[in-house]
Amino acid sequence: MLAAAVLTLGGAFRSGGAAAAPDRLPAGVVDELQRGFAAGDTEAEVAGLQGELRLRPRDVKALETLGLAYLQRVRETGDASYYPKADGVLHEALAVQPRDLIATAGLGQLALARHQFHRALALGLRARSISPTTAGVYGVIGDAEIELGHYPQAFAAFDRMTALKPSVASYARVSYARELIGDTAGAARAMALASSAAVGTREAYAWTRVQLGLLQLSIGHAAAAARNMRVALAAFPDYPYGLDGLAQSEAALGNLRRARTLETQAVARVPLPQYVSFLGDVDAALGRHAAAAKQYALIGVIEQLLAANGVRNDLDIALFDADHGHDPARTVVLARKGYAERPSIVGDDVLGWALARDGRCTEALPYSNRALRLGTKDALKFFHRGYVAACLGRGAEARTYYRRALAVNPHFSILWAPVAQKGASS
Amino acid sequence: MKKLLVVLVAAAALLAPAAASAHPLGNFTINRFARVEVADHRLYVRYVLDLAEIPTYQARQDGVDPAVYARRVARGLHVTVDGREVSLRPVAHALAFPRGVAGLHTMRLEVTLRGPVVDRSESIAVGDTNYAGRIGWKEIVVGAGTRSVSDELRAYPKSLLQSPLDVTRVRATVSPSDAPVPQLSAGRSLEAPDRVADGGFTRLIGERHLSVLVILVSLAAALFWGAAHALSPGHGKTIVTAYLVGRRGTPRDAAVLGLIVTVTHTIGVFALGLVTLALSQWIVPDTLYPWMNVIAGVSVVAIGAAVMRARLRDWLHERAHRHGHAHHHGHDHDHAPEPGTGFRGLLAVGISGGALPCPSALVVLLAAISLHRVAFGLVLIVAFSLGLALTITGIGLVAVLARSAFSRRSFDGLALRLLPALSAVVIVVAGVAMTVHALPKVR
Amino acid sequence: MGRPRVRTIAAAVVLTAAALAATAAVAVRGGGPQAATASSHREAPLISQDPTADNTDLYAFVSPDKPSTATIVSNWIPGEDPAAGPNYYTFSQTARYDIYADKNGDGKPDIAWYFRFKNLPSQFFLGNTQQSYTVTKAENGKSSVVGHGLLTPPDNIGPRSTPNYDALAAKGIHTLGDGSTVFAGQRDDPFFADVGAIFDLVAIREGTGATGGGKDFLAGYAVHSIALQIPKSQLDNGSNHVVGVWSATDRQQVSVRNGKAHGAWVQVSRIGNPLINEVVIPTNLKDHWNATSPAQDKQFEKYYSSPILAAVLQKLYPQFGPFKQTGRTDLVAVLGTGLASPKLNYTGATFADELRLNLSIAPTPANKVSDLGVIGGDLAGYPNGRRLNDDVIDISERVVAGELVGHKLPLGDGVDGNDVKNLGVFPYVAAPFSGYADTHGGLNPKHS
């Protein structure tokens, strides 16, 4: 009920304008806010909380809620300058109340975003010790376990999470876990539930639609995927994940020019290396080699920046480098670094692929096998496994994996689907 | 001094986020600023674009022609006077590529736009559509003297309670004025050297261009702060003093101790900085911190106990001697394993004095690391440590001299024998106090 | 002796160093990367609201125009903004909406009504917010469908899409197989509160208390209501005539390995007495409380008997104190067992958070109603059930301040009534504002 009031407050800010003195937000309402911010106008909520904290800087509820709202702002805008702010206010909440649940879990979420998975796990476990009945803490734990390659623990955490509270947060995690074990249909069912439970919260709803679209895309249902991406963009205009998802869908449908326009918009908002890399690939496929070269060069710059900022993003960069044949030996080093921090099947896959591209296929084989150990039905991983087999001179095995990749998704990659096609029929 | 510490820590906390990248708002922002003013009876807009590393790189891939940018900016800025849209003409521009992180550059473009004649009070509306949808700081101010929160995109506020400004529309009333036409920035102002800087000690490290004077002043300041900082409570000087008194040190011992403190402190801070950087990836400091405080407290108790035990043995020895050879006075030099202020003992105490809690120095170093000014940071810390050591040595000397004064009056009496024991007690009490203080926070 | 001492000190130094490292780690927080979102793994939302499964308020009263029946109104989806199109609001198709009645005071449901909603096939036309629904009633271990294919009215979108809304809404009233009457659909939010002033009691605007002049933050917002009008004979236990009601929402549990979209229902939200989730239950237990049913409420009793609000009052108004902050058996009685003295709605020793309605107390005539309910001398109002117009904020503040233990203070939030007049007939809750004519946050008229 008070959440309603909070939403109303958002409305009050909107109509009152920035100059109007906002009504003070009482602590009891703030309590409700932490669940409610996604539903309303996060920007107005942030403004309200900032005002509240200028009056009462040690209000734990306001601090932790503002921390979560800042994290939500990153999701909405891609503006990473909210990360240090979230970090700051959440730590201030902990300084006042060392065993604060929300601040601890919030810092866990922040650590995940920064790819500090060990730290995230520690925070998640600490949050669990504070409140074992709160569903959100199992989200932090499970997410960290997944990236660290501890799958049984991760799945147990997600199961516990939905048992405690079925919600968009827990459904979405079950969906991802199902996707990892190769149950794409089950993953889509769980994500549809997530989407339904996210109705009324714009960003979360858009996010579930994008994930649903990506699942469909992964099994070659590009038209359905495009529809979901459009629904996401209607709910949350200019959502970077939605722009990227729609671009990928359009590319899979053969509309490369449209894909290019959309991905350019996504890159303009959030230049993630995978977005830039995809844009380059689209440019290359369109025969715009100069433009593609520019995008590829930009990845080098992003890599430099990430390194300077201490961001651990080596797997993505390594994947890009391996795909584009940049300095194979160094790529292996990068992939190993990435693997060390994320010994998940993603790490296995990228390291195996980097080794294969460096011609070290005997070394690559165990990694590529491990990448498929959960039974994941991912066309790219099948393709990588086929590539390793081909490189080892096992023609029949290579053809099997290439066909498997194409059966899952005939348009799995602008770069590699044609290679798989050629290999499968040779 | 506590205040200084607070300031330092606060400054570092503010600075640290920014330090991670030259651009406080992230590496892919495009930041926009417009100042609308009346000068020379005309409407002028001073427009500033600040591109972070990635957009700068992208822009330079295509080549940057400032005149083209200026025209584009003019088209994207919509100003109406009395409801009618007016055209703005770029009349001057300045362009610079200040250094960013990772050897990359950022871009700062300033454009002066000239609008229509203003000969009476007019209501105006300004709408900035440049780079709509791009993340970044968006600020519009009206009037030549109005303060810009970001100092015209040179210093972005780092308050935890300040979201990136998002002002793209403004309404105001302007009056005729014959103020001078706005000028473009040049040199350092255009290069925006203060963009990553912040107040306080840490700011010294952030300075991009270090003049000799700045270095000297910084060093002097660091020395002074170190010396002053040593006076703040809980800095090991109690222990050091007590030790010197307890072990009957000489002035030379005090000087050696000072040297050891400097070296240890420097090495300690440096090593800790590295350990911290590594640890912060793995542990949850907030969890560990109270425990570590307790452990530190218990360790000090242990040191005190050790000293106390040594005193007790000395005393027992002395008693034995006194009983054995009643007229034998002075140093018990024939008991070599117990050198009163032997080098080992000095080393141990110097180390404990040098490595005892001093987060502010550490903060300076870490700020230096993140700002890629490690060398300067290290030099500052050496100065800081030196200051610290000077104070501790000074206190030690006073203690030693005071004791000599006692001796000259040839007290072989109670005070002299009690002082060492008392000093051990002081150490133990300090340790217990630290432990007790830390305990409630452990849960 | 020298050696061990050095070792001791060395160990101490190492430990101190570690402690310092921890200190420094705190000091350099925020030094992490900020420039890149670096999100190649999936960042699912962690804490996200679920408005379609969020119980906002619950009401239960003897129907004033039909005293042979009792009416239960349960509301969901807080803060529906009529002007927020194209975000139209509907009940969730994947949630189950529950209303429970406890006739013998044991905290366990004796009757349960379950509601499932489905979008109409024409839903692809954006803006058609009409849904069909099924009502299942469970009683005595048997469950039966008492309503099937019932229709909600569409949301009130505006005169063009939904002209003549009241007539449209009237078609949403149906009779169930067991003789009850039901309505489900969008309504004006009947709750009223000056949220800015509820707990920050300093801000009781200009000291208005319960004399109007406050700002109703909920004015102009809608909710989704389910209203049930039930013959008293079905609810009355024939002895003390008290029925306890609560409402909840369930979602289905899924698991990683079984691949299904269906599983056991897990309760994700509930409401009995107003404001409990928001004010009484600590953050760490909120998920747990929402998943629990009243029969297990004993574990939460301590939070009812030592309410935070009393501590807040003490801090803010020491001059009006002392406020009793612990051992509040009066609050435990009002919220958990019902009041035995005065003889009102006591249901026994079992502590259970339910809205308790004494069916034998006749509705108060309109001209004699006190919005302060029982403490205003009107026994037909909260905490004997809850009528739409009962001022639960003012009542709660006063009761927590000690109204029932001889400590009377004229506390209140300055909002004494809803922004629109509720209906005199079923479903009693007023029609929602249209997206056309919305007004938010209206000032409540000041009276003396």
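Order of writing sets the labels: A, B and C. Residues in every chain begin at 1.
In the analysis below, contacts are C-beta pairs under 8 Å (C-beta built on N, C-alpha and C of every residue); 3 or more make two chains touch, one makes a residue touch a chain.
On a predicted model such as this, the values are computed, not experimentally measured, just so you know.
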Per CA centroids, the chain at the heart of the structure shown is A
Greatest centre-to-centre gap (Cα means) from chain B is with chain C
Cα centroid separation, chain B vs chain C, in Å, comes to 49
Whole-Å distance, C-alpha centre of chain A to that of chain C, is 34
Where chain C touches two or more other chains at once, the residues are 26, 29-30, 32-36
Flagged in chain B as touching 2+ other chains are 13, 16-17, 20-21, 26-28, 280, 283, 286
Listed in rising order, chain A residues that touch 2 or more other chains are 78, 80-81, 84, 87-88, 91, 116, 270, 302, 305, 309-310
Seen from chain A, its contact residues with chain C in the complex are 1-9, 11-12, 15, 23-29, 31-32, 34-40, 68, 74-75, 78, 80-81, 83-84, 87-88, 91, 101-102, 105, 109, 112-116, 130-131, 133-136, 139-140, 143, 146-147, 155, 158-159, 162-169, 171-174, 176-178, 181, 183, 185-186, 189-190, 192-193, 196-204, 207, 211, 234-235, 270, 272, 274, 302, 305-306, 309-313, 315-316, 342, 346
In the complex, the residues of chain C that touch chain A are 26, 29-30, 32-54, 56-57, 77-79, 81, 86-87, 89-90, 92-95, 189, 191, 193, 195-200, 203, 215, 217-218, 221, 223, 251-261, 266, 268, 274-275, 278-279, 283-288, 290-291, 440-441
Note: in the complex, chain A contacts chain B through residues 43, 46-47, 50, 53-54, 66, 73, 77-82, 84-85, 87-89, 91-92, 94-95, 98-99, 107, 116, 118-119, 122-123, 126, 238, 265, 268-271, 294, 297-298, 301-302, 304-305, 307-310
Listed in rising order, the residues of chain B that touch chain A in the complex are 13, 16-18, 20-21, 24-29, 53-54, 57-58, 61, 101-104, 133-135, 160-164, 280-284, 286-287, 290, 441, 443
